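You will see subunit A twice below: alongside subunit B first, and alongside subunit C after that.
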Partner chain A sequence: MKYAYYPGCSLHSTGIEYNMSTLAVAKKLNVELEEIPDWNCCGASAGHTTNHLLGLALPARNLAIAEKQGLDVMAPCASCYNRMKTAEVAVKSSPEIRAKVAEITEMDYAGNSGVKSALEVFLKEVGLEKIKASLVRNLGGMKVAAYYGCLLVRPNGIGMDDPEDPMTMDDMITALGGEAVQWPFKTECCGASLPTARSKVGLKMVNDILQMADISGVDAIVTACPLCFVNLDMRQNDLNKKAGGNFNIPIFYFTELLAIALGEKPGKVGVKKHFVSTAQVLDKYNLK
Partner chain B sequence: MQPINLTSALAAGKDLVAKVQTASGVDVKACYQCGKCSAGCPVAFAMDYTPRQVMRMLQLGLAEETIKSRAIWLCAQCETCSARCPRSLEPAKVMEALRIEAKRAGFEADDEIATFNEKFLRSVASNGRVFEAGLIVGYNMATVQPLKDAGVAPSMLAKGKLKLFPSKIRGRDVINRMFTKAEKMEADNK
Partner chain C sequence: MRKVGVFVCHCGSNIAGTVDVEKVAQEAAKFPNVVFATDYKYMCSEPGQQVIKDAIKEHNLDRVVVASCSPRMHEPTFRRCIQTGGLNPYLLEMANIREHCSWVHPDKAKGTVKAIDLVRKAAAKVVKNEPLQKSSINITKRALVIGGGIAGIQVALDIADAGFPVTIVEKEPTIGGRMAQIDKTFPTLDCSACILTPKMVDAAQHPNIEIISYAEVDKVEGYVGNFDITIRKKARSVDMNKCTGCGTCWEKCPTKVDSEFDMQLGKRKAIYTPFPQAVPNKPVIDREHCLKFKTGKCGICEKVCPTGAVDFTMEDELITQQYGAIVVATGFDQFDHSVYGEYGYGKYPDVITGLHFERLVNASGPTMGKIKRPSDHKVPETVVFIKCVGSRDEAKGKTYCSRTCCMYTAKHATLMAEKVKGSKSYIFYMDVRTPGKGYEEFYKRTQGEYGAQYIRGRVSKVYPKGDKLVVRGEDSLLGRPVEIEADMVVLASAMVARSDAGDLARTLGISYDKDNFFTEAHPKLRPVETHTAGVFLAGACQGPKDIPDSVAQAGAAAAKAIGLLAKSQMETEATVSQVDESRCSGCLLCKSICPYKAIDVKIIAERVGGKTVERQVASVNKSLCQGCGACTVACRAGSLNLLGFTNEQILAEVEAVCL
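Entry: the complex of A and B
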């Protein structure tokens, strides 16, 4: 199984653990990844809310390069996945948009190469049965809340799972021997760039999610988005200092828990780079 | 709110409403005001007009009020409204189109979010990728809060999560041209 790999900007900086753990999982599961040469930023939300065509053209250039590689794309970041999927659907559904995008990118993207999230590639394409057969250790009943956020599951026609009650990561937690905690904030928005651009508004949104996880009695939250990760992990300190919070909830990328269960050393997949320490919970469940 | 003459409002807002409908692909008249969008909106608590109200204002021709609102900048594009709309109307796309029109008309009610987006895209236009350290410094300077989030910078650097220099792609001249061309094509089409 082989995919063109689109790490995106975050996985080379604030989401470095997501990159480390994604590559580790790919290796364990024999998924070959060939990075898209000279890839560019997908534009994220800033792109499409500033100029509609630019919001399609930026991801389409990467898809066009992948098409030359003859491969479908795997994009771990929720926002990159969403933007690429939006461009893929738009180009496939309209010859007019395809022509406009080709004029802008100076490359024709025909829609032959598509995009899949890392959740789909690892948990659906490779699949939980094969993963279960390859497990080296299990999560020992760790209580984990799966947090999907927005862009992996919405809007309709773009999302890779149910927009209200996605189960892809919950099923993974169960398969790895953890307890997938039922909680109502699976797809509640973390505020995206609002905790940075409008911190009062954004931090309230992060606070609500963490509070709900706390009430639900979780050991950890698992996510598949680098921006959700930063907001939930790094902002706990802000909330504890400035807003009287008392949070200490470890946040994991789904690929970190998966890599660890597949036998990778936790230190190798970046869990020591988190702001909220993961040592205690990994210790408690014998996953050092 | 002042009394509004709906007959003249409808006529005055007609062009802008038409532009927003074309750009978003949403027929605002089809909204039956159930309010499901606003009930689920995670940022409604901070908005001057909720998504349902924005839809209603467009129905009434109060288009200029919507592009001057803070709501369109606060919208996080989480798409909850679009996923839940029983009329499949995608209010998030309306918010996107309103932002683009607001920028064209020179109304950027929420400077912080508009500035953040602008700095983000400028970084992409010059490097081909986002340079996060440069983005935060540029954003903090532009919004006069030089030390915002500065406390986390040393540990981000130590963790290898922040780079001091941008990663520039070879095709950045293409990316730069893409910005110019996209801008021109949308301007020609409006």
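Entry: the complex of A and C
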């Protein structure tokens, strides 16, 4: 199994743990990843809010290169995935858009190479059965809330799972021997860039999610989006200081838990880089 | 040579205003076979018809063309006219120079040219017309009503009162239908059971009505006036003749099952009647759950029955009976809201539907009429109602409006206010539609006197928080998001066709729409007939309807059925399909395509090479054929011909206009 790998900007910067753990999981599961040569920004937010066509052309260029490689793309970042999938669907459904995009990028992307999220590649293509067979240890009943955010599951036709009650990560948690806590805020908005741009509005959104997780009695939250991760992980300190919160909920990328269960050392997949310490919970469930 | 007369009508100025009618008559006189042509101010009037009759005699005409309005308007008039003039009525052709010409073309010169063409076409066709005869069939004076809800009961009572025997076939163990589940009826708030159960009893006691409950229509053969219906009486496991309905069996039965009648909110036994006022008030055994059928042990009901009515060996019974008319009144199902993830995919116990609420508020329901929410039986104080769940939603539900939800939601909010003092109802709506007598006033009262708060907007999410349900939506009048912490959420789920409606439609040979509702013959002018002669529709099986509309439609359907049964014989159309057996290969493509089940197989014997050979050919039942012509198009050998519209006649028309 081989994919063209699109890390995007986050996995080289704020989401470096996601990159480390994704590569570790790929290695464990024999998924070969070949980084797209000369890849460019997926255009998230800035691109498509400026100009619709620009928002399609930027990801389409990356897809066109992957098409030349003859590979489907794996994009772990939820936003990269969403932008690339949007471009894929648009080009497939309209010859006009395909022609326009080809003119802009000077590359004809025909829609033969598609994009998959890391969730799809690891949990659906490789599959939970094979993962279960390769497990070195299990989560020992760790209570984990799966948090999907918005971009992975919306809009209809683009999203990779049910937009109201996605289960992909929940099923993984169960397969790894954890307890997938059912909570109502799986797809709430994390505020995206609002905690930075308009912190009053944005922090409340983060606060609501963390509070619901707390009420639901979780040990940790697992996510598959670098921006969700940053908001949930980094903002806990802010909330505790500014809003009198008392949060201490470790946040994981799904690949981190997966890599650990597959036998990787936690330190190797970046869990020590988090703002909220993961040491306690990993200790509690013997996952050092 | 044929002798054709052409009669051009002015229709006052309707035609003469934009068509030079005199010129049309002059030109018509020059057409082949036309021996006489004239024009007249009103051809359909008494003196106008006399012009035609006189000309038939004077010029010895054997074919007539009337150039006037649409045949839909006056073909019967002119057919009668030439019949009294001594001709077979089918030797008439009409050229529609009004609807198809003068009314739609403002240019008189061009209009006249077109009118001449239309007359030329009719004159060419009429030459090929042959005398046709209508046939007649006897009528079985008995009606079948499928479905024993309020619509079916009303149909049966009306037909029975007119003196004809009626059979009601009901698939549940009792008649009563949806109305029996409902607590109060809008806009008067009278008790549903109080007005329904007397009608159920009337039906049961009527000398002309036979109720076959726990039964389904298995097979329909025959045609209007003479349907052969096979009814499957499902095995009740209880002998109806011996059972007295004493109830000892269901009191002693140890197996409890979720009650369908109570929307799974209450329990029934494995041997049961759905509710205490059931008609017939005799139980059935639910073999799926009965211990005797599952394990072979138990049999308590058999032991305690004082009359020995329980019979575990009973089997389905098929009975065949002839009927003259069929009325379909199979009602509706409730939309399954589990496709709505934002409302919890049907997983939250306190997110219920309108029918659940009816059972919760009903005095004979699982909570004895005390409104308690399903999860913990607490009395809800804050209730959110969400309208248009499954209705008016192209993405997840149906495109149509279910018509009843605005009113029943207003009723529910009123009942909440009356039954739980100090409670608060919030109603999310898209539009409030109250087109019925007293409906708008009821809605205003719900808002004003009963204090229900209407919020215009959709709900985006319902989620549990502690023992509350948080309802998050938009108030689109304020342009703001709203959040309400509710104890219970009631969804106004759409009315949808019965899940097996398509199967029944195919059994009956009637058509149904994209949503599986049965289709009426004309949406305005033939609302209770189907395209299949002798089959009528009543109630929500034709489309969402409330009780007043269902009852009104039931009366209309009954009148149509009575009209049919009151005749001793029935005339059938003369313009029917005909098989040229010598050319028919017996492929029977026509049989599969015929919407009226009018084509059947026939075995004929032929002499081939000195031997008698048997082979199959198509055969048209003249009583059933409606003359649609679909078979003539499908026939690969061209052996089917529609009388009055034969291939030769149509080709003559085409040649007259195009060559």
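Here is the rule we go by: the second predicted complex is superposed on the first by the 288 of 288 C-alpha atoms of A that agree within 3 Å, B and C clash if a C-alpha of one lies under 4 Å from a C-alpha of the other, contacts with A are read in each partner's own complex, and residues count from 1 in each chain.
Quick note on the criterion: a contact is a pair of C-beta atoms (placed from the backbone, for glycine too) under 8 Å apart; a residue touches a chain by one contact, two chains touch by 3 or more.
The structure presented is a predicted model; accordingly, all values stated were derived computationally and were not measured.
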Partner chain in contact with A:184 - subunit B first, subunit C second, else both or neither: second
First, second, both or neither for A:105, with subunit B first and subunit C second: first
Touched partner set for A:52, first subunit B, second subunit C, both or neither: first
Subunit B versus subunit C, judged by how many residues of subunit A each one touches: B
First, second, both or neither for A:156, with subunit B first and subunit C second: both
Partner chain in contact with A:165 - subunit B first, subunit C second, else both or neither: second
Partner chain(s) touched by A:40 [first = subunit B, second = subunit C, both, neither]: first
Partner chain(s) touched by A:273 [first = subunit B, second = subunit C, both, neither]: first
Contacts on subunit A seen with subunit B and repeated with subunit C across the two complexes: 156, 163-164
Subunit A residues within the subunit B interface of the complex: 9, 12-14, 16, 38-41, 43-54, 57-58, 61, 100, 103-106, 149-151, 153-156, 159, 163-164, 187-189, 191-194, 196-199, 201, 204-205, 234, 237, 273, 275
Residue ranges of subunit B touching subunit A (in the complex, touch as defined): 23, 42-43, 45-46, 74, 76-80, 82-83, 88, 90, 92, 95-97, 99-100, 103, 110, 112-113, 115-118, 120-121, 124, 128-130, 132, 136, 139, 148-149, 152, 155-156, 159-163, 167, 169-171, 174-175, 177-179, 181-183, 185-186
Sites on subunit C touched by subunit A in the complex: 340-342, 345, 395, 461, 463-466, 470
Subunit A to subunit C touching residues, read off their complex: 156, 162-165, 184-185, 212, 215
